[in-house]
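What follows is a structure written as structure tokens; I'll ask about it next.
Going by the order they are written in, the chains are A, B, C and D; count residues from 1 in each one.
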Amino acid sequence: MSTLDTVKLTSAQIAWRAAQDIEDGAYVNLGIGFPEMVARFQVAGRRAIYHTENGLLDFGQAPAAGQEDWDLINAGKRAVTLNPGASFFHHADSFAMVRGGHLDVAILGAYQVAQSGDLANWSTGPGGVPAVGGAMDLVHGAKRVAVITEHTTKKGEPKLVEHCTLPLTGVACVTRVYTSLAVIDIDAGRFVLREKLAALSLDDLQSLTGAPLHIDTPLQDLNVPEL
Amino acid sequence: MSTLDTVKLTSAQIAWRAAQDIEDGAYVNLGIGFPEMVARFQVAGRRAIYHTENGLLDFGQAPAAGQEDWDLINAGKRAVTLNPGASFFHHADSFAMVRGGHLDVAILGAYQVAQSGDLANWSTGPGGVPAVGGAMDLVHGAKRVAVITEHTTKKGEPKLVEHCTLPLTGVACVTRVYTSLAVIDIDAGRFVLREKLAALSLDDLQSLTGAPLHIDTPLQDLNVPEL
Amino acid sequence: MDKTRDSLAAAVADIRDGMTVMIGGFGGAGSPIELIHALIDHGARDLTVINNNAGTGHAGLAALIEQGRVRKMICSFPRSANAEVFNAAYLAGQIELELVPQGTLAERIRAGGAGIPAFYTPTGYGTDLAKGKPQHDFDGRMYVLERWLKADIALIKAEEADQHGNLTYRMAARNFAPLMAMAAAHTIVQASRIVPLGAINPEHVITPGIFVNAVVAVPNPAQEEVLTREQVVYP
Amino acid sequence: MDKTRDSLAAAVADIRDGMTVMIGGFGGAGSPIELIHALIDHGARDLTVINNNAGTGHAGLAALIEQGRVRKMICSFPRSANAEVFNAAYLAGQIELELVPQGTLAERIRAGGAGIPAFYTPTGYGTDLAKGKPQHDFDGRMYVLERWLKADIALIKAEEADQHGNLTYRMAARNFAPLMAMAAAHTIVQASRIVPLGAINPEHVITPGIFVNAVVAVPNPAQEEVLTREQVVYP
């Protein structure tokens, strides 16, 4: 697997792939950090509306350096701007949008995803200062909860597993995972492979995955542009 | 008791007496119908702020005939006006004010009040079309829930009773009753007489009341101006 | 991403028999008369309707009931002045009634929109309206467990709307509308004015467009109280 | 009926040792820095503080913690960038932490303000943060029972206020403030502008004055994010 680093998708490419599945008019929450990158790759001709937990709908890209207004931030505490049609609301209304199932898509990062759809992305276990934020709400909120992640940890251990060993964020909540190697749906407690990098054999992919990969439909190549 | 009708307070006088206990700056909800009359007698120099269930705080008196805007009504569906400092909000916020204990006083009508503070004011029993409105919320909302009422029914039956026989609006919720004959507090499951009309003997008052009247403090005359 | 619709008929086209429909309004304020009349014209029947009241006169919600389209009303105060249509239908056993305290009705609808399946409230404890409901002691006081209310459709009257469905309301016509917009799977709005995207100050949006599916312009909307006083009959 | 106060010191004078204090803000947006500094000057200790975060840098909430005034934090995300003060206090065992998912935190505060002692939420089900909490099945899905959160005091940063305490906010500085104003027995507001009664359009009031007890003018308020970047230390 020494070639893995040369074939695998970059973070930007994973984000690009996830962005392709966001429909025109979708209400979307992007988790703090890596998932925020998905907004960069909004498909031309489509208009997604981004929600942020701290009470803002339809924010735009970051302002120019020096132009930040720190009362206009997203959940990652980054300065943002407003699109026409934006609205402000308080935190209970913001999480009513989440918990009430009004978001079309939430895209989150992950430490581990289990074949059941269980997600672990908030804690690496005891020690240090814990923090949870809105992750546990988001996984029960959106109509579609997707994860973007490297396929394995830096040590090469699978992040897609039979059972999560890290503290759970939510039970049976993830429905699709975009990794650096593949696109995998979670259906009826199984990982169902939809797309994989052409350069990677199915056996190689399986060996990097902690639970069986099933194939229900004709397998597609995971094609992503240079970014 | 043939003289009762000549000595008892008018509805306006009962409302006047209730108005004397509303402090400056109080947030007040007046039930639909008779209780609405209390607002007419706001004590000079005091400013109460009136709440209405349908999402309006600090409304003023009725507009002149012909000047009604039917989008600006109170819970009794009467046209009102706005005072400076008014605000609109939705029904869940309106009842958060109620249920959350943010009102200082609610003044309601009654069919029966029991010595326990139980109130019956929404239904005269089976038959007809039932309707409850906000009464069941109001009795659990305000810091002080008062009743204004005739002392007896038109047939001369007590409205202050040992136990309500009509369907309850709320349990142990009323703390003071302003009647056409007396002012009575409810304390520890007892009616405690505070004020009575001077023209009426204690025995006569007791005979018109369906549960024992207790006297804890020096009894005051119920003095109300001609109105 | 444009939620505006060309006609009232188009806006209500997907309503089907047997659906649960939340209708905004308290008394006449906020009642979406033109959308209700479009629903009458559309023909859906066997509806469960959630509204604070049950209509007055012979237009709007009262007309929907008079046309025999409503199987069940969920409301807090059906017995208004001029509510003869509902009263007659109810006393004749032609319509079912679920009576809910007004604050509980509002909170159940909000809960439906906010993903809260059940909550405890002091309201109704010890009364006939709490019979059969679970009760619980918290900190020495008794509370009743109430379930969320959701709907297939919400019909809402707004003042301003933009093409994303951001809404403002007019005075006390706001009442249940923001809650119902949250609690319905499909929220249909009639707005007095459709304004360009960005024309509503983001600080002043009352219902964000995420809760809205379709918007139709009704520039000079009828008002139920006025229709009732003028004894207007629909259709 | 005039809720305005002449000074920050007067506004916070009644806060006592051991109280529970809700403090508005999410990150730097909405953090009422001047009120927090007045609270530090005032001297109250052994406080339980409810905020989404746990302060950054060495001013505002972080300074309150650094001065040893906070016994316990209830928050969703203490581990922010530049949160060294809380981190050190927590790892040294000097401060207690109740970690609450952000939406549950918001809803628990709203419930406190709305008279709802407990509610069911899907959030946290099956996780360590739901351990020991009652669970219930509704319609085939599992939910966790959560209790309301109330406070003795709320410290709130508003944009405009009138003498009755009607408030508006500035952009994303709104966040938890309207909820905390509802959930505290005594809500103290610092406002960038105090405007005449009636100057705020009744349609645009975000927090009605019924939820507010004291208002003090702070015309050019500090912003936590800016203070942190400028490495300001208080006192």
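Note that a contact is a pair of C-beta atoms (placed from the backbone, for glycine too) under 8 Å apart; a residue touches a chain by one contact, two chains touch by 3 or more.
Source: prediction; values computed, not measured.
The chains in contact with subunit A and with subunit C alike are D.
Measuring from the averaged C-alpha position of subunit A to that of subunit B gives a distance of 56 Å. The geometric centre of subunit C is 34 Å away from that of subunit D, both derived from CA atoms. If you average the CA atoms of subunit B and of subunit C, the two centres end up 30 Å from each other.
In subunit C, the residues that touch at least two other chains are 107, 110, 114-116, 121-122, 169, 171, 202-203, 206. Across the assembly, subunit A contributes residues 88-89, 92, 95, 98-99, 140-141 that each touch 2 or more other chains. Interchain contacts give a graph that is no line, ring or star and is not complete, per the touch definition above. Inter-chain contacts occur between A-C, A-D, B-C, B-D, C-D. Of all residues in subunit D, only 1, 110, 112-116, 162-164, 166, 182, 196-198, 200, 202-203, 205, 208-211 touch subunit B in the complex they form.
Taken in their complex, subunit D has these residues touching subunit A: 26-30, 52, 76-81, 83, 86-87, 90-91, 97, 99-107, 109-110, 121-129, 169-179, 206, 223, 225-226.
Across the complex, subunit A meets subunit D through its residues 52-56, 69-73, 75, 77, 88-92, 94-95, 98-99, 118, 123, 128-137, 140-141, 167-171.
Listed in rising order, the residues of subunit A touching subunit C in the complex are 24-25, 27, 47, 49, 51, 57-58, 82, 84-89, 92-93, 95-103, 140-141. Subunit D makes touch with subunit C in their complex at residues 107, 111, 114-122, 136, 138-139, 141, 143, 147, 168-169, 171, 202-204, 206.
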